[in-house]
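Across the two complexes that follow, chain A remains constant while its partner is chain B and subsequently chain C.
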Partner chain A sequence: MAPDSVRLNIFRYDAFRGESHSYDCYDLTYHQNDQLLDVLEMIKTEIDHSLSYRRSCRHGICGSCAMKVNGKPVLACSTPVRDLVREFGPKLTVDPLDQSRVVRDLICDMDMFWEKYTRSAPFLEPVTVQASSPGPAAAVSAEPLDDGKTPLIPLIFSGSTNAIDDADHCIMCGACYAACPVVPLQPDFLGPAAITRSYRFIKDVRDAHPGRLAAVGEAGSGVWECIKCLKCTEVCPKQIDPFSKLSRLHQEVLRSGSSPGGIRARHTSGFQLNLLLNGLLNEFPLAVFAMRFRMITMLRRGIRMFLHGKLVINPLRPRSRGYRQIRRLMRRSR
Partner chain B sequence: MNRYALYPGCNPQMAEPELLKATYAVAEVLGIELIKLDRVSCCGGAHLQDRNAFQSLLLNARNFTFAERLQMDLVTICNTCQYILAEAYHTLTTDTYTRKQINTRLEGENLTFQGTSRPRNFLYVLREDIDRTAVRQQVRRPLRGLKIAPFYGCHLYSPSMIQAVYTDNESPWNPGSLEDLISDLGGDPVDYPSRNQCCGFHSSLYNPRTSHDLVHQIIGQARENGARVLITPCPLCHANLEAFAPGKSIPILYYQQLMGLAFGLPWKSLGLQHNMSVRKRELLDLLPVVPEFLRR
Partner chain C sequence: MNVAIEKSDVVIVGAGLAGTSAALQCRRAQLKTVVLTKVHPLRSHSGAAQGGINAALYERDTSAHRNDTIKGSDYLADRDAVETLCCTAPEIIADLDMHGAVFSRTSEGKIAQRPFGAQGTARTCYAKDRTGLVCLQTVYEQAVREGVDFRCEWYVLDLLYDPLEGRVYGVTAMDLRNSRIHLIQAEAVLFATGGYGRAYSRTSNAHANTGDALGIILRNGLALEDMEFVQFHPTGLADTGILISEAARGEGAYLLNSSGERFMLGYDPGKGELSSRDIVSRACETEIREGRGVGPRKDAVYLDLRHLGARIIKERLPELYSMAMTLQGENMLDQPIRVAPTTHYSMGGIPTDLHGQVRDHRGSPVYGLFAAGECACVSVHGANRLGGNSLLEAIVFGRRAGRRIASILTEAAGHHGTGGPSRAGSRTREATEDDASPAFRRISNFYSGDQQGSFYPLRKQLQQLMTAEAGIFRSREGLEDARRRLHGIAGQLHRTKVKDTSPCFNTELQEALEFENMVLYAAAIIESGLHRRESRGAHSRTDFPRHDDENYLAHTFFHFEESEPVLDYHPVRSPESAQEKKIGT
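Moving on, here comes the complex of A and B:
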């Protein structure tokens, strides 16, 4: 099949030279099976040896070659150019994951990402079970303790691995971290990759690390900063769906009662109560329930909404005509 | 005539009444019959899922049964309703074990989820089922030269792995349906980087700073690129954009309201009196030619 043509605008910058960044334009032909990395390699070997980017395995395993194409974080080695052309047209702009942290061209300083990843304690801290206590049937013995008793590490059963299997597939490419709109606004936010890593160990029955749940539930850095935009799920090259892990961690954090500030927990419990009452949601009583005296901060907005006919003060409105049935079903599935 | 079961959602029945009004008005002009389902529940709004995922799935399976009874597709007018219902539909049609569990609970109420009604957003119903020329033919007052910024939000087409079949394969990174619609109405779509960003609605109650920053970024970029009006398909985005908009903001409308203006429909039938970001005279001055009856 004849090759097609594409125009690549590639971000160029060298932190050590300190000049301002620029874009270099390359008009190229590509074949149907060419990945973005193949085209970059062609530029590097045949046109411009100075073009810099990270790459290693070329098989979507090492996670080195994540970069942005027209704003979308992708793994260059496993993204066909034809798919990008289909999505964005024949003019593509290739950027580093984070322009503010570029070292050279498409290479970023990933220290922040790794620092947060490390904070998630990405390793198993095994639970130990006393030989005499009734523990899981299948267990392996570990080194004897000082007092002479032998601890046992429980084995994980196949049913429990399903919950963590895909979370374990993370290749730490940083695509989800670069796609997350909260990270630049809230620099302390752990981000989808680190939280998914935490999830992988929180759901592992063999893990006994204290305080994992408290760490992901913390205000300012944990799951409550997520705005549920699903960008992480959109870009993950391993289809891990970090958002679903984050959502399940919300459940765990609420169950453990370690959510901060009360307002976050009251917001979700108030949501549920509101549905139990009317089958539909009225945000006014929900806001009063969740915010309490802090409602005063929303007074101005409340008055504006009222004047525009947007405020339903009656907590029993809007009410679904099927609210009794909804209530019965909700009660039966607590 | 095209007939659909309308899943109204909570916000359009409460804080965003203009959306329901404008949707009905536009549907009537285009010969679409929307049958409002008034026994349905809230979809859970991405929050009930955080507390009890099974409960949310059960309620949404129940929601589908009402559209199935009418033998119609379930049409949403809210991005988050669309996402939650599409995800529930996906789970219920691919996971037979969960579906059986859900149907066991529903049987107690003489209901069964069958999976015959698909969840679809009104924007893509217009795009896929209504001929684009039919929309163009209804334009009485073309929005000639009016620079309009489309704002999509995120749950309209995400996660695309599940939603692509309902969204005409819209790319979450390069969507185009609102631009096409603006062009059909004679307007001038404005391209700006934040058009597919998130407005931060879902955590705005406890993280207002994040919402504030995102909304200022969205509206700021739209204005920098020359937009005089911003349109969105989502009541949650609309509520958040209006709540956190900077003091001097451009009017933030629903695309249905914009269609209504181009179709020459009366102001009140589009619920424009409810929009907090709209000042009647300023908006009318932006429209190329405003007929006398619209000014009333």
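Moving on, here comes the complex of A and C:
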């Protein structure tokens, strides 16, 4: 098949040169099955040897080569150029995942990303149970196997690992982290990748690490910071769907009651309470429930809203007519 | 010279399964352990392993696994090493499972196993078709838990080796973020740098698989073992060489030629598609050479999975499905996919004993130096590796090397206080700034004045040369021609220049240094192949098509003496020596 042509504008920068960034433009031809990485390699080996980017496995399993094309995070090695051209047209702009952390061309400093991964305690702490006790983890040997004893081959029902739901196949490429709009605004937010990692261990029947749920429920860093834009799920190159995992953790944190999680958590639980009681949303009590004494700071705005008829304070606001049905539905959806 | 000098108990180079498994053991023994890796540990190529990991879990004993491995190796594997590998396997699976690996399971809750090539029974445990990723994550994460010091994006340039004492005392490395040179003095150095598939133009290997330790070994006058044995995997994607796992055939896929015939039944009627990799690769290559290939250039054969059905493919081979779709635009549910043999694995490497202790060309130990994983040659794979044995080898021998290092160092500390004399009876030498000068010289050679031209075209030439002449089929003429041309490439390399002068992620310089290593061990592959005048396992000579047990049932040792290649042969270790070695392991 005849090759097609594409124009790439590639972000160039060198932290050691201290100059501002620029874009280099390359007009190239590509073949039917060329991936973005193939085209970059062509530039690197034949046109401009100084172009720098991370890459390794070439088939989307090592997670090295995440970068942005026209603003969309992709894995360069498993994104056909033809698909990009179909989506964005024949002019493509290639950027590093996060321009504010770039050190060289398409290479970003990923320390923050890895630091959050490490903070999520990304390792299994094996449960120690009696070999005779019932339950799915029954046959897990409690002894470290370093002592040379013949090990017990563990029995785990295949169903019990289904709950992990492919979360252990995250390749830590950072695409979701770069796409998440909360991360730049709330530097403490763990982000979708680290939270997906936590999910993976929370759902593992063999894990005994205490306090994982409390950690993801924490205000400022945990699940409450998510604004549910679904960007992470949209860009994940491995279709892991971080959002649905995060949202399941939301529910679990609420159900466990272990963590109030600040305003955002109370807002969510207040919302729920409101609906359960009346089948309607009554915003004033909800705001009081969520913000507590901080309502003071909203006083001026509240008065102005009231004067303009935007705030209805009616504690006796009637119930929704079908509130029993709503309550039933809510119970069932849990 | 701007050199940073630091001290550690142990330096491990490479953070794939072997390196990380070793690090975990060293750390558990409270040793100061530094792991240098040019990519983040989770980006290591161990994670790309797809099909599985062998263990005789539900068999009467491990003898069948052992026999299959020895037979698969074409009788070149050392029996004691194979025994160790197979006996430890069930324990490794249990350990991985206990620490979080999510293996695929049967409905009764047992660990599921699929059949792999040249094995009498279904023995390969798997996690869908992402087994390596799951194992790597598990081991790495336990290392994080133990607090191993990982230095990501550091590139190792040289070994600190005292040839008179026969002792290694550290490494020279470069921090890729700023190109700063570091000397890390250590009591023990472990190489776990993986394979060298990038020396070939068609390969399943990652860009990172440049076998750096092998070049460093040769530059220091040490030996490499069995380098002629390069495994070609029968089913790489036709256009790129990227791997389609043996799991596909394990689940029942067929190989078809242009007339739609299951040609493997002609080459190995008993095992068919599940014959050993060397046999299947040669069969595919023969079909292609004899004009029964498929695809626009007739340079591939078909791998047909359609009869497996969508459920099995999506449940057990999801990665393969999406890879064929993305990388080659072929939907394996509706059409057969084009595959061809691809360079996959290096059976040879740095010679070691059962504890990862590196040996020189005479077979005597190089104190302070260890190796494990694909870069090492124990040898468990002999002339041909069985699918599912590589992840296993990396963990088993990585762990053993780590434990041996730990026992040597803690023993020495017990007798003489920390940092005391090692087993060689001599004190570890102090690293000085001068030790960095060979590394500086290597780098400055690429920047000196009058040179021009880039090494990239040379690298392409070398890769094509290796695939053509040191590939599936070899001959004296071809290998001699390769030797001549390699000589030319080596000469030209010294007249090339690196243009990029940035200290920050200078990937051009890094690739140039990697290529320099490649040129060295390519010579080892060619010379070892030229001198083995027989066909065995993956080494297939058209001019010597048969085994020659009388002369060549032996391991090749290759090293340079005054830049001249020297070959030695050492006998295969027998089962009797296995009995002796088992005591005290």
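Please note the rule applied: the second predicted complex is superposed on the first by the 235 of 334 C-alpha atoms of A that agree within 3 Å, B and C clash if a C-alpha of one lies under 4 Å from a C-alpha of the other, contacts with A are read in each partner's own complex, and residues count from 1 in each chain.
Everything below uses one rule, namely that contacts are C-beta pairs under 8 Å (C-beta built on N, C-alpha and C of every residue); 3 or more make two chains touch, one makes a residue touch a chain.
All values derive from a computational prediction rather than experimental measurement.
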item: First (chain B), second (chain C), both or neither touched by A:Phe123; value: second
item: Touched partner set for A:Leu329, first chain B, second chain C, both or neither; value: first
item: Touched partner set for A:Glu115, first chain B, second chain C, both or neither; value: neither
item: Touching partner for A:Gln32 - first (chain B), second (chain C), both, neither; value: second
item: Touching partner for A:Ala287 - first (chain B), second (chain C), both, neither; value: first
item: Touched partner set for A:Pro181, first chain B, second chain C, both or neither; value: first
item: First, second, both or neither for A:Asp168, with chain B first and chain C second; value: second
item: Common interface residues of chain A - those touching chain B in one complex and chain C in the other; value: none
item: Complex interface listing, chain B residues touching chain A; value: 10-11, 13-17, 38-42, 44-55, 58-59, 62, 83, 105-106, 108-109, 154-155, 158-161, 171-174, 193, 197-198, 200-203, 205-207, 209-211, 213-214, 243, 273-276
item: Parts of chain C lying in touch with chain A, wherever the complex brings them together; value: 28, 39-40, 42-45, 47-48, 57-58, 90-91, 93-95, 97-100, 102, 104-111, 130, 133-134, 137-138, 141-142, 144-145, 177-178, 206-208, 239-240, 242-243, 319, 322-323, 326-329, 454, 456, 459-460, 498-500, 502-508
item: Touching residues on chain A, where the partner in the complex is chain B; value: 70-72, 87-88, 181-182, 185-186, 224-231, 233-234, 239, 241, 243, 247-248, 250-251, 254, 261, 263-264, 267-269, 271-272, 274-275, 279-284, 287, 290-291, 301, 304-305, 308-312, 317-318, 320-323, 325-326, 328-330, 332-334
item: Of chain A, residues touching chain C in the complex; value: 14-17, 32-33, 35, 44-46, 49-50, 52-64, 78-80, 103-105, 107, 110, 114, 118, 122-126, 140-141, 145-146, 150-158, 161, 164, 168-169, 171-172, 201, 204, 206-207
